[in-house]
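This report concerns only the one structure given below.
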Amino acid sequence: MSKAIESKLLTEYYDDPHYMSFEGYTKRKGYEVLKKAFKMKPEEIVAEVKASGLRGRGGAGFPTGVKWGFLPKNDKKRFLLCNADEGEPGTFKDRMMMEKAPHQLIEGMIISAYAVNAHKSYIYIRGEYTDCLRIVKEAIDEAYAKGLLGKNILGSGFDHDMDVYSGAGAYICGEETGMISSLEGLKGQPKLKPPFPAIQGYLKFPTIVNNVETLAAVIPIIEKGADFYKSLGTEKSTGTKLFSVSGDVVQPGNYEVELGTPLMDLIELCGGLKPGRSLKAVIPGGSSAPVLTADECVDATMDYENLSAKGSMLGSGAVIVIDDSHSMVDLLTVIMHFYHHESCGQCTPCREGTGWLEKLVKGILKGSGRVEDLDLILRVANNMKGRTICALSDAAALPALSFVEKFRLEFEQHIRTQSPVRERETTSHA
Amino acid sequence: MSVEVKRKDQNQSWLLPSVLSGMSLTFGKMWGNLFNRKKMPTLNYPEEKYEYGPRFKGNHVLTVKKDGSLRCTACMLCATNCPADCITIIASEHDNEEVEKFPIHYEIDILRCVFCGFCEEACPVDAIRMGPEWQSPALNGGSFVYDIRHLAFRSELRGGIESRLDDAERHKAGI
Amino acid sequence: MLKCNINGVDLEVPEGTKLIEAFLKAEQKIAHYCWHPGLSVAGVCRLCMCEIEGNPRLQIACNTEVQEGMVASNQSEKVKETVRWGMDFHLINHPLDCPICDQAGECGLQEQYMEYGQYTPSMAHAKVKKRKVVSLGSKVVLDSERCILCSRCVRFTDEVTKTHELGIFNRGDKSEIGTFHDKPLENKYAVNTVDICPVGALTSKEFRFKQRVWYLKDEKTVCPGCSTGCSVKVYHNQEGLFRVKPEYDAEVNEHWMCDEGRGVFDWVNRQNRQSYSVNAENMEKPSSSELKLILTAQQTVEEYESLFEYLKSSNKKVEVYYWKNNPDKFDDFDNLLIRGDKNPNTKGLLETAVKHDITLNPFSGFDGFESFEGDIWFILPENKAVYPLYEQYVEKALKLENNLTIFAVPKVKVDKTKKNISILPLKTYFEKDGHFLNFNGLKRQLKPGPLQVSSALALNEWVSFVKSDDFGDQVDLLSKRKSEGFRKKNEMTQTGGGL
Amino acid sequence: MAFILKDEDKNFVLEELKRYESKYSAIIPSLFRIQKKEGWISAEAVSVLSEVMGLPEAHINEVLQFYTMFNKEPVGKLHVQVCTNVSCAMNGGRELAKKICQKYQVKEGAVSQDGMITVTRVECLGACDKAPMMQVNDKYWEDLTQESAIQILEDLKQKVVG
């Protein structure tokens, strides 16, 4: 097994503490790519991004160039929104990117805005990230002062305004239409699709919503060309990706590696498991991604295709490593509590189902569960999946399904030891 | 179709033996009852009253909660279900929001009642039961219409019926 | 027009039709709560699931527009299973207090559970507790536990009345409908939220606990509350009338009606009615050749026709006075439904008068009547509440020495020794045949419902009596007509069930 | 206690109303501003805000109730939010929350008797690599142990008192 190395495309200069300032950023070739982009036609940039195979880094993995192509082909007002409402448990890459390189994000956004011909953009940052809010706001002011935002940027004739907007604590605002609702000053409840945001989004204007990392990744694509970007990663999952590794590893943190890197190598890169522990499971893409058992981890590679073939997903790239010291029942309770707490309450299956799942799992944890409850969890989760406006009910259902299916023995064991009386009752019925 | 006619035999044409055997039974019982009153199957009604089994379905009883308020929620299912149309309820808003609705007026016209027990069965909160009482004499027509005062607060009733039911106790007992 | 196929039924629908409308048009059953034809699409109850050919995922029919050649169905086992679970999700936190709930009998949950229920409940955990019996204002009561958060009421106050009193607060399964504490639900259309509430979460304070809905029959009629003339349903039984609800009418009121109009049942009930005639024989006596007639625009066109015909043919010197409610606010309009003209048939009266060449003099009291010796006919409005000067004028009229005939729906208290006054009970809009013309001339037909006051007649019937020779006998007969007995019949057992 | 919106805050709200394409977008920033000044957002504040902004109260209340970062009840001077989501839970976030509650004798979500501390459990704050962590008012404190967390809180308390 070859040891993975970090391929720092976005995070190359993150060690430089001055990189976050305008001077530090321009010293490291900052805003050079923007000048190059302005010499290209917007359509060429879209074509380049499309050709690079860049996929959304926020969670869904939708090809960015294709998304941009959905915009109506006219000159009507449109918006670019940057989704920095990073709420997926286990994810902390956007926070680092904004804190360490706000100008990188701004540059990426100007290029993208130029490509989709949007004259106004918002960066929606989750409210808890007060530092990010301050840093990005200052960086935007700086950019305005240097003529990188506002009217006629760098003499290109392109006008662009940028603003930050603070969320206020709702996981669901990380969903693109939920974020649009929140930005419109409503509750952050996702909107019905169709119409899709690219047709009718923010205030019914065509809107493109992209993740921080996606927008930043546009820079190397324009700088080095789509072919170079494609040369990284696998055939269908191109480029590099930041993985937020947390949990039971020696050095948790953000690691930028090529897509397609074996999962075990990534864990190795983080210093491996804590001494004396063995791997039990890995959640490869944030808490909403189905869990992988230790056996499945062996040949898992971190790209969209391999993980979806394993029934999981790459998601936001939050790798939560779980060793044998943790109870899966306990962890599922934490996850179910999270989704119950964060369900926006709009669609019935999610509103009621998340609460129900939490009650069931909590019951098992507390010792009032029964073996039948495991089947009930599966049935409830299966009937929440794909039945709602947004993917939150899927996000709640998938971990429940995967935990119970893959660690059923452990769950049954837990029920037996915690509630032996009930267990006898149920078996006697059978 | 043919009918077979049985001829009377000799013994049957004698009446006296049968008369005598009947008389002996009658007088046997008479003496038996006179000297052994305890075994007598009849009662000296109305001084003595017969107590029926707990399943007897006589006059209605409205059950009450522990605090003395009616269990009835005035859902009118009994009135709806009543084939004799003898129940009249007027509902009202209760101050306690947990109770929400209660009857301010509940009448049963006992003369219309056919004692089918559908009201008891329809009741979702066990508020009406058919009790052990079976006599319903009265002096005028109006007295046959039983109101809440007559139907509820019947703790003196015997015969296996409970007229005071508490939810907490019932839950504990697994009902 | 687009061709589509719904559950095997071919039909054509106009462009922009939602799939759920196509389902309903094809008379196919489809479960739904949040969708309402008069409101925007929320798509939150997730029950109107259907399969569309070429789409692997189940789609909600309320947010899908019909496309040319679309083939949709909700008959497959997959859809049915989904809908069953959808129902279950609605019910896991719903209290089963149907016996207390006023909506029982016309509840969306009850109805749809029969069709799509799971019947074996698997929820064994404690339900979420929420607020009960919350007063949202002077007209509506909320029970949060019963609420299924379909958001119809919120959308109603946002989109139709634009008063924005209601909101859904909190999130997840703690979400609750509510008002902001110092701004209750007080608008002129508030009770519509009760109508559109598919469950018993919102109930009307006025109707609450008065009757169980299965004791009521409904009758389609026209609201006589103002010149808009909304189509309504009046709910009644042998005990009288209990409530009014709007009926869909695309040309007039669509799905809504005002709260004022919901009070129009009250004066029909017999306790508020003039239920017998007084000195009816006066009508028979040879009377003066002069006649002054005071009327309002609350009668039907048919009544005006026969009245005016009679006046024309009677060779009397007739003067007709037209009494308007609040003449200064007569042309008000709130841009939704409520009009200042509180008479259902102003247009009808004016048109009939023109047709019969009758001059309508404005009526403003009995000031010019002192010197007048002839007969007076005074047709009182049935909806007296909208005539601010009603009491005053009636009082004045009763003091007149003329031969006075009052046609009245409301009770008129009269000194029986006064032989010059006769009072004839009139039928209300609910009891008579005929039609109204609303403010823009739309004809709306009334259907005669059960008679509440047996001796009441419509104006045209009285007129035909007056014309006939044996008026006295007729009135005698009429007064002997017994009021129909009204013992509460048990509709359910009588019809053999059928919830 | 009547709520009064100071002129500077009012100007801020009016500025925010102009800043975004939709008036409604100004609700969240305005609520944040009030929370910063008052510590929490009362019903009176919503009424006042509704009047200033010309938006329905019910709508502002909807937004207020939806987002968890708005305090609908008064909180202590130090609002300690301990992350108890997966990564933190695996590293003792829940025990940390319990420990802090114990130490300051305060129930979760309530204000301690001296008005100093409110402890709430929150969902992922995006610092999973440095779990367990807590956010005290606006500031993140990462890589905690039970002892270090208490030490930090003691120091902060001293600072507030001083």
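Letters A, B, C and D mark the chains as written, and numbering starts fresh at 1 in each.
Basically, a residue touches a chain if its C-beta (ideal position, glycine included) is under 8 Å from a C-beta of that chain, and two chains touch if they have at least 3 such contacts.
Since we're looking at a predicted model, the values are computed, not measured.
A.B. asks: Indicate the lowest number of steps between chain A and chain B, counting one step per move to a touching chain.
C.D. replies: Counted as steps through touching chains, the separation is 2.
A.B. asks: Report the inter-centroid distance (CA atoms only) between chain B and chain D in whole Å.
C.D. replies: The answer is 66 Å.
A.B. asks: Please compute the C-alpha centroid of chain C, do the same for chain D, then give the distance between them in whole Å.
C.D. replies: Centre separation, chain C to chain D: 50 Å.
A.B. asks: Which whole number of Å gives the spacing of the CA centres of chain A and chain D?
C.D. replies: Inter-chain centre distance comes to 25 Å.
A.B. asks: At least two other chains touched by the same residue of chain D: list those residues.
C.D. replies: Those would be 62, 66.
A.B. asks: Which chain A residues reach two or more other chains?
C.D. replies: Those would be 170, 187, 341-342, 344.
A.B. asks: Please give all chain pairs that are in touch with each other.
C.D. replies: Those chain pairs satisfying the definition are A-C, A-D, B-C, C-D.
A.B. asks: Once bound in the complex, which stretches of chain A touch chain C?
C.D. replies: Listed in rising order, the residues of chain A that touch chain C are 170, 187, 192, 194, 340-349, 351-356, 359-360, 363, 376, 379, 383, 386-389.
A.B. asks: Which chain C residues qualify as touching chain A in the complex?
C.D. replies: 41-47, 49, 57-58, 63, 81-82, 85-86, 89-90, 92-93, 122-123, 125-126, 128, 148-149, 168, 170-175
A.B. asks: Provide the residue numbers of chain B that touch chain C in the complex, in ascending order.
C.D. replies: Those in contact with chain C are residues 73-77, 79-83, 85, 88, 91-93, 97-98, 100-101, 124-125.
A.B. asks: Across the complex, what residues on chain C touch chain D?
C.D. replies: 163-171, 178-183
A.B. asks: Which of the residues in chain C end up touching chain B in this complex?
C.D. replies: By the definition above, chain C touches chain B via 97-100, 104, 132-133, 208-209, 212, 214-215, 487-490, 492-493.
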